[in-house]
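Just below is one structure, and these are the notes that go with it.
Chains: A, B, C and D, in written order; residue numbering restarts at 1 for each.
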Amino acid sequence: MRVLVSNDDGVDAPGIHILAEHLGAVGRVTVVAPDRDRSGASNSLTLDVPIRATQMDNGYYRVAGTPTDCVHLALAGLLEEEPDIVVSGINNASNLGDDVIYSGTVSAAMEGRFLGLPAIAVSLVSRDHQGVHYEAAAQAVLLLMRRLLVDPLPADTILNVNVPDRPWAEIRGFEVTRLGKRHRSAPCIAQTDPRGRPIWWIGPAGGAEDDGPGTDFDAVRRGYVSVTPIHVDLTRYQALEKVSGWVQAMTRAMDDEAA
Amino acid sequence: MRVLVSNDDGVDAPGIHILAEHLGAVGRVTVVAPDRDRSGASNSLTLDVPIRATQMDNGYYRVAGTPTDCVHLALAGLLEEEPDIVVSGINNASNLGDDVIYSGTVSAAMEGRFLGLPAIAVSLVSRDHQGVHYEAAAQAVLLLMRRLLVDPLPADTILNVNVPDRPWAEIRGFEVTRLGKRHRSAPCIAQTDPRGRPIWWIGPAGGAEDDGPGTDFDAVRRGYVSVTPIHVDLTRYQALEKVSGWVQAMTRAMDDEAA
Amino acid sequence: MRVLVSNDDGVDAPGIHILAEHLGAVGRVTVVAPDRDRSGASNSLTLDVPIRATQMDNGYYRVAGTPTDCVHLALAGLLEEEPDIVVSGINNASNLGDDVIYSGTVSAAMEGRFLGLPAIAVSLVSRDHQGVHYEAAAQAVLLLMRRLLVDPLPADTILNVNVPDRPWAEIRGFEVTRLGKRHRSAPCIAQTDPRGRPIWWIGPAGGAEDDGPGTDFDAVRRGYVSVTPIHVDLTRYQALEKVSGWVQAMTRAMDDEAA
Amino acid sequence: MRVLVSNDDGVDAPGIHILAEHLGAVGRVTVVAPDRDRSGASNSLTLDVPIRATQMDNGYYRVAGTPTDCVHLALAGLLEEEPDIVVSGINNASNLGDDVIYSGTVSAAMEGRFLGLPAIAVSLVSRDHQGVHYEAAAQAVLLLMRRLLVDPLPADTILNVNVPDRPWAEIRGFEVTRLGKRHRSAPCIAQTDPRGRPIWWIGPAGGAEDDGPGTDFDAVRRGYVSVTPIHVDLTRYQALEKVSGWVQAMTRAMDDEAA
């Protein structure tokens, strides 16, 4: 199995090193990751400037680009052989609920949705981005990968995995979850820079609003590895009928007006 | 009605000016948009540096940030009164199928999902980013907005609207659609910069793979305004059961091993 | 006379508009300036990514690049006819003493050193970047330009002009000066960003250390327009002899060792 | 002796590693360098966003900033003890003549002008940025440093050192030089990006215009290490008198007009 590893914390972050080392047990690992911390990069693709990739002494590729750029470039140019799976992480903080739409970790995995096996995004549910038990998260991914080898899931699936930041022995198991939901973010933080000009910092994400049973929030709180299957089709199918009626009424009104 | 307008082509793009002017007919419009073209920015949030906003002579806010930054900042700090709705666009090219996960236009709208009315992202289905009939797209949005005022949709909806690039008189109507699907992107383009070093450009998006009846691709091809309700909950609910069985089998295997 | 105008405060700054309007009285003006505030950019050239220029409604060129990029691009690609002179400013703060080695305003002028007339960098000696009397600075440049037309200076000269921020009627005249010298900068300002990570801000420039008679500091303090001729040859000619002796001694020591 | 080492090719470049290792023979070395290639950054200071520094496993500091930011931050905040000297390089290409005003390598050295010993910028005169004999350049710096320890030069001096790219045994010695001069740069290179939009690349530097005896160009061509003392006072003293007469005539004309 050929495994492409990326992340959004950057190629020098501890999580990606531990992940890559562990995955060496199940496959041939290639690392292609951003040269800087690109947390919050979402599925951002760099379209206005070219990107550059350099191979480091340890064989990892360092890319001056986003997580999505990294995986996109790996699959569409850089690598001679296509990998079977993309694994992204280990992120130094959780990606729960609405986080996933902003997360570069999840986006890197999404960019691997065309490959032969489900892409995996893995995050450590740490405090203040100070993760401790990366080994536990790596172990969780390793088990998921081994399972995939003997009992594959459909290729177009993405698994968003969040692991409690505790020793592996204290992890209670795996749970399949749906994404919970966060409250609105905290307000932006207004400051004045040292030259007297106004600046704004994006505030922290909101607390959990929907974190009840069945959600990813709930699973990790109870000490389980949360596994959420996600997809890239944003269509709100449940709303199709309602919006359809709404649009038809609008169209009738237009026609009446025209008549 | 208070309307917040943003985009990803930048505050100087023609589409946002035409949109803002038209929406003045139904509400009080505030424009907060990026200072540069940020196409492809997705839901990227700027977390590592502060952002700056300056008000231009015409009252628009120019923000050195992403589309998501713009709407986030407007709602969580910059504006004194919360708007009722976010409208994002008019993008100078289509946002169909998988495009929406990369699109800054759609992301700006998503960031308005907490407001009182559905957010709207609007794109012109132009050739080569050279849109002509922005007026038609603005007219389509105006009709949707007027309809919302008399017959509201649920607030947590986002409408992704694509408008054929033709005069309004030649638009055949509105259609509710699901997102189609694109083939994989074209390969990255390898070049050498003038200093002899290798660079890569992200290649163009792939052609349509699933563009049959009911999709956004199909509606715009037949001359209709495509209206796709989308959401931010990426959970793949249909897969929950299958993945659940899969995870349980894995857990059993672990337990057996431990026993 | 064809005049190329640039700056480092960005194409939307008030100073460049006032400058361009006034210079219309003596020549045909083209404006090519950065799309953002690029103060502190020095002679920075963008070598790793391509640059883009778009013409605005008012005819100005907006460039996603540094001040040096702007003038370089204008002279080496963008403009069909070569200008006779580059004028850069009006900067919203002074450029005195050591400031000039960091200043984008001065660097933009330097990049015009190959043209037919001396390049001019002009700065307003404001408080806290809140300049008021840009008109006075524009007037000072206009007089310099008119003088150049009847009594030219050598082409390879750069004039660094600082104008007190007061009404023209209260300007006491022009003085030729040498660059003074600043003390070391204030320390960097250590902060913690909203995500708990350490950041540093570059502190303000140091106060004047050498600001006695004959310096630019002294002239503006007494209400004069300071005009400092500067050049790009950084060779410290006075030190050549001393360093030469020093190097010869070193070489002899090497030879002795080898012998 | 405490030595601060920086560069503009980035903290991962081969030149800075070889330099830091060699200088360990004469002093305690701290490395603070940009996280990316910042060639052409000149004395650019980052004023609009904060900068970040992280210490790598090998003890080097990686800074998301310019070369000038790196040295500025090291001296004005990061380091507990002030170094005695800044050495910048080994740049992977020459910095001859006008190059120095754009060079990040030279600028990093300039930022160390307030320390106890002369700052040194060192560059390898390679072909196409593919330097081979970094060891020779490191050896040249080491000899200069040893000489400085027994026979100091004034502290406010900066030595711009260019070393032929050949084995140390084939270096013919040291020569003190003045900066030569280059012709104007090659034109910008106009291209179209993959999305059909016009872009420009800054072209290569011009060839030598003044490279006769006594210049840095000449010394390296003949196989010598070129040592050029440079300074940061850009005042063109030779022009003061001429410009003074010119300005006085202008002032008289103004007075006559007013009379």
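By definition in this document, contacts are C-beta pairs under 8 Å (C-beta built on N, C-alpha and C of every residue); 3 or more make two chains touch, one makes a residue touch a chain.
Which protein is which chain? UniProt says A, B, C, D = 5'-nucleotidase SurE.
In this text the structure is predicted, and so the values were computed from the model without any measurement.
By the document's definition of touch, common neighbours of chain A and chain D comprise B, C. In summary, the pair chain B and chain C forms a contact in which both copies contribute largely the same residue numbers, shared numbers making up over half of all those used.
Of the two chain pairs considered here, C-D and B-D, the higher C-beta contact count falls to C-D. Here the C-alpha atoms of chain A line up with those of chain B after a rotation of 180°, rounded in steps of 5. Greatest centre-to-centre distance from chain B is found for D, with centres as Cα means. Centres computed as Cα averages put chain C at a distance of 20 Å from chain D. Averaged Cα coordinates give chain B a centre that lies 41 Å from the centre of chain C.
Mean C-alpha positions place chain B and chain D at a centre distance of 45 Å. With touch defined as above, residues shared between interfaces to two or more other chains in chain B number as follows: 47-48, 50, 52, 189, 193, 195, 197, 201-203. Taken in their complex, chain B has these residues touching chain C: 12, 35-36, 47-48, 54, 56, 62, 64, 193, 195. Across the complex, chain D meets chain B through its residues 48-50, 52, 128-129, 189, 193-197, 201-204. The residues of chain A lying in touch with chain B in their complex are 37, 39-48, 50-53, 66, 68-69, 72-73, 76-78, 98, 100-102, 107, 110, 114, 143-144, 147, 151, 153-154, 157-159, 173-176, 178-179, 181, 184-191, 193, 197-203, 227-237, 239-240, 242-244, 246-247, 249-251, 253-254.
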